[in-house]
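Next up: some structures, all given as structure tokens.
In the two complexes that follow, subunit A is the common piece, with subunit B as its partner first and subunit C second.
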Partner chain A sequence: MKILVTVKEVAEAADDFELPDGALDIDERYLEYDLNEWDEYGVEEGVQIAEENEDTEVVSVTIGPERSEETIRMALAKGVDRAIRIWDDALEDVAFLDVEARARILAAVVAEEDPDLVLTGVQANDDGFGATGIALADRIDFEWAAVVNHLDLDVEGGLAHVHRELEGGVEELTDVELPAVLSIQTGINEPRYASLRGIRQAQSKEIVPYELADLDLDADVTDSPLSLTSMYEPETESSATVFEGSPEEEADQLGELLGEMGVVEG
Partner chain B sequence: MTVLAISEHRRGELRDVSFELLTAGREVADALDTDLHVAVIGGDVAEHAEELNHEGVDVIHTVPAGEEFNHGVYTQVIDSLATDLDPRVLLMPNSVNGLDYAPAVANGLSLPLVTDVIGFDASDAVSATREMYASKVETTIEIDADRFCMTIRPNEWAKAEGAGDAEIREHEIEIDESRVRSTVTGFEEVGGGDVDISDADVLVSVGRGIEEEENIELIEELADALGATLSSSRPIVDAGWLPKNRQVGQSGKVVTPDVYLAIGISGAVQHVAGMKGADTIIAINTDPNAPIYDLADYGIVDDLFEVVPELTAQFS
Partner chain C sequence: MASEGEHASDDDRDGTSDERVAEGEYPFLVDLLDSGRVSVGSSDRENHAGDWGTPDDRKVRPDAVVWPESAAEVSGVLEAANERGIPVTPYAAGTGLEGNATPAYGGISMDLTRMDAILDVRPDDFQVDVEAGAIGSTVDEAVSSDGLTFPPLPSSGDISTIGGMIATDASGMQTVRYGEVRDWVLELEAVLADGTVITAGSKAVKTSSGYNLKDLLVGSEGTLGVVTRATLRLAGRPEQIRGGRAIFETLDDAAAAVFDAVRSGVDVARIELLDDTTVAMANAYLDTGLPDAPMVFLEFHANHGIDEEIDFCRGIFEAHDVAEFEMAAEEAEMAKLWQARRELAYAVESYDPDLVSLHPGDVTVPISKYPEMVRYIKELSAEYDLLAPCFGHAGDGNVHYSVMVDPESDAERERGEEVYREIVERAIEWGGTATGEHGIGQGKREYLEAEHGPESVETMRTIKRALDPNDTLNPGKIFPETAEGKRVTVPATSDD
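Coming up: the complex of A and B.
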């Protein structure tokens, strides 16, 4: 069996970031990169399935610049067998890679790798479309399930028994035919820490770089009717009274408020 | 030319987002100078059509298609309706089920998709507003297409209210069962147990800012000193530091206490969905730009590890 896990390096904005007028992205110096939280759970799920099923290979794939290799290597250190990284000058130039373009590129990797199961995250924590996995599924004609927080694989029966986490503390129990794309929700497992041995082993594992042409894709795969035309800090709707001073003074004022509100006698 | 909005129901009831879709749909239809159509797929379609018949809706399409949501059925029905009506905009909810079919619908119809939309404008170019970087920035996405799909963020538009006089059109759409490749076998309620945080008058809620499991004690001591109940954001539950029944938010509990004290919680939209109804919201967060401050009535922009012990000390 082969499992493809899509992973993305995502950026988080520092508390004190600044966004000048006209800028279309936050400057790199205010960004910190990490593996997308949801993909951590996807990686763990893939690795656990491989541990429980013989002859199972876990391959991770990312569309990302060279910088992301360090992050991708963390997935290798946790037990992913090998990795694919797609990057291209044509990608370097796009400010906004829409869901369709991502799905097209990932579909080309699926055509190449022929996996039985694809695991994606529910959403990427930076641009958060929450859509890449299911768009991919439809494109490659796999069955799918979104927001999966429990997975029980019946390889022989060709089924994935999943729980989909709906709103309001309700889970939907669904049987999904394989091959399938599942978008993985946080909490489905406990992502492991990479062991020292794993980190060492990861150094010798392969991260295959692909350009679009290697996947028989043209640069126009990134063409989109959607474009990001502005980015700005939202006007603050805050009407909060902020207590100021030393931590002690701040706590005193809040304590007084709680007392006045009758939260505690005091 | 129409805007076609797809309503959402579960276990016999229309979900709130269905009524928000009517408001958003009317706004989009007005901006594009077109009609608003709404579709009810599956469930008690006649009853739901009546409930959705609000001011601003021009036509309601009903399609009987089983009791509950199934994406294999939804994609086929929407495909068929869209072929029939040729909508300018397909509007869907950015709910868990919306995420389960909207990307497939867009892909199937070869239409661009903008998800989690919080605003729409067509006065100049057609564009949608959405957030990025954990709600720290907003972006404008220009849509240069004659037809497109959007999913709208729940709780962002008001629910439609006034009575309407929409035309109701009944459809029978044949489903190709061989293309329905997943089966819903049941539902399960989670997060039960001894504590019901939705009963509490005062909630002291802890988020990822707490960093380590052993630090939770710090927040527990404050809750005890205040005689309050301890709750949390999702990562704390995901990590197994607190049980599921303590989780506030979209997939946890909806709470409406008198006082909600959010400590080290950023205020992500899925968290806010569970606590925005609290009377008084107080935030302790080092990041003055954290979205929780958009809701907070009071705040302390400082390190929780310094503030919380001081606060606890006052009441012990």
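Coming up: the complex of A and C.
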């Protein structure tokens, strides 16, 4: 059995970032990179399945520049067998890689790898489209289930029994036939810490670099009907009330405010 | 200055915080620390009047609270206080169990929690430099992406500080495999009572150079110096971690199994025992549906061959008639098996609203005496007709126990104290200690001499007087005479 886990290196802006007027992205110097939180759960789920089922290979795939190898190595350190990294000059020039473009690229990887199960995070915590996994399933004609928070895999029967988290605390139980794409919700497992040896061993695991041509793709794969028009920091409202005076006066003012807000009677 | 046991009067006056400090007993503090980092306000003082182990009637409000942010500021406050004869009691998360951070003689409570920086992680050397106020689990988390961990964290590691752990020489569930906090401290920066800043130890993993001041400071409960920075040693995170639970029919079997496993060299990372009383409390609290039977909680760490180690342990437990031996396949299941152990403190506390736990027992004995120690506690419990739940870090020979009494009944309290005393005396008689990891603080002062002998305690006094002749740092702790209000500045034999 082969499991493909899609992972993404995501950027997080520092607290004091600045976004000048007209800028379409936050400047590199304010950004810190890490593995997408949802993908950590996807990686853990894949590795756990491999630990429970013999002859299971876990392959992670990412679209990202060379810098992202550092992040991907953490997945390898936690037990992923090998990794694929796709990057290309054509991708370097694209300001905004949309869901459809990502799905096209990942579909080409699926064609190459022929996995039985694809695990993606529910969403990425930088751009938050939350659609890559499902768009991929549609393109490769796999069954799919979104927001999976429990997975019980019947390898023999080729069936994934999944729990899906719905709004309002409702859980749906679904059986999905393999091959399938499952988008993994946080909390499905407890992602492990990489061990010291795992980190060292990951140094010698393979990260295969692919360019678009290696996947029989043209540069126009990145074409998108969407364009990013602007980015800005929304005004934040603060409703903090600062009381001044002696402790008694401050307490009186607080009491009054709580009364006005209906928190306490009186 | 307030005397021990007496609350200083309230001082809710008008004016800004700084003005109130300037008008108070210690106006010099305004010049030493920025606004907002010194307070004489009653709630700040109340929040520093004791720790977890301080009963309400033994709380003492400090006259002022300070929050230094550097060793230089710690030094400035100490120098000024020492010159003026004002006691200074270091304070951190306040999770101590023996009143270690209670400002017994009032004065200044020095809160180190703002000095919480992770200064430098050096994965190649297995080291991290931290400020004393850093929370244990934050340190552990900060080194995790390098595959490293700080293994001796106490059970309270996610709410207590590294400085507090060093002050009490804390330890925890993994001590059976990795040792106590002392074993993981390489170098310390500390400020002495007169404001002198020293470093003790080195960043080398071994040293034969000079007196070992580092190990003198570790466990000194803030009576010799205020630790401001530490270089800690780290361990590699293991490749394999497996946890589980064993259930026994009798406590004798459970204790004997633990002893046998340790003596046989089973490489266990955690081995915790709960007696049937404690399990009943946990079951009632968590509604587990498990039998009220003695349990042993286990965790194994390895880089290879973990299954062989578990099988070895299982074989030993079977020789002691284990009723059930269950190992978890994954972490979530392990957490479930361990739940009863994890929630224990709350379970004991909420078991019977009419009963309170007298003191948190912490005796530790050589492992061969461990089964007898547990049996002895249960016998005393039966003899005095008092509930005494027993649990703890069995692999270290460390027994935690509570003696549960009706706080309204003086007779019951007295019986409880007697049980408590007999347990400690027996532990010392068997070559053990009154406290494995909580420290002496105020709660165990009366056992210091019995454990170490009068000559050793007098040697400790000599050290204390040499480093802190005015008894500025955390007075009223460790030394037995301080229980009667005496200070360490005067010879113990004096009638003053």
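One rule holds in what follows: the second predicted complex is superposed on the first by the 236 of 266 C-alpha atoms of A that agree within 3 Å, B and C clash if a C-alpha of one lies under 4 Å from a C-alpha of the other, contacts with A are read in each partner's own complex, and residues count from 1 in each chain.
Convention: a residue touches a chain if its C-beta (ideal position, glycine included) is under 8 Å from a C-beta of that chain, and two chains touch if they have at least 3 such contacts.
Note that the structure is predicted; figures quoted are calculated from it, not measured.
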{"item": "Partner chain in contact with A:77 - subunit B first, subunit C second, else both or neither", "value": "second"}
{"item": "Which superposed partner A:198 touches (first subunit B, second subunit C, both, neither)", "value": "second"}
{"item": "Which superposed partner A:243 touches (first subunit B, second subunit C, both, neither)", "value": "first"}
{"item": "Which superposed partner A:48 touches (first subunit B, second subunit C, both, neither)", "value": "second"}
{"item": "Superposed model, subunit A: greater residue contact from subunit B or subunit C", "value": "B"}
{"item": "Partner chain(s) touched by A:261 [first = subunit B, second = subunit C, both, neither]", "value": "first"}
{"item": "Touching partner for A:190 - first (subunit B), second (subunit C), both, neither", "value": "both"}
{"item": "Those residues of subunit A which subunit B touches in one complex and subunit C touches in the other", "value": "190, 247-248"}
{"item": "Subunit C-touching residues of subunit A, taken from the complex the two chains share", "value": "48, 52, 74, 77, 189-190, 192-200, 246-248"}
{"item": "Complex interface listing, subunit A residues touching subunit B", "value": "11-13, 15, 17, 19, 26, 96, 98-100, 103, 122, 125-135, 137-139, 143-147, 163-177, 183, 186-187, 190, 224-234, 236-243, 247-248, 250-252, 254-255, 257-258, 261, 263-264, 266"}
{"item": "Of all residues in subunit B, those that touch subunit A in their complex", "value": "10, 15, 71, 75, 94-97, 99-104, 106-108, 112-116, 125, 127, 131-145, 148, 181-191, 202, 225-228, 234-235, 237-240, 244, 250-254, 258-259, 273, 280, 282-283, 286-289, 293-294, 296-303, 306-308, 310-311, 313-315"}
{"item": "Footprint of subunit A on subunit C - complex, ascending", "value": "12-15, 41-42, 144-149, 236-239, 303, 329-332, 335"}
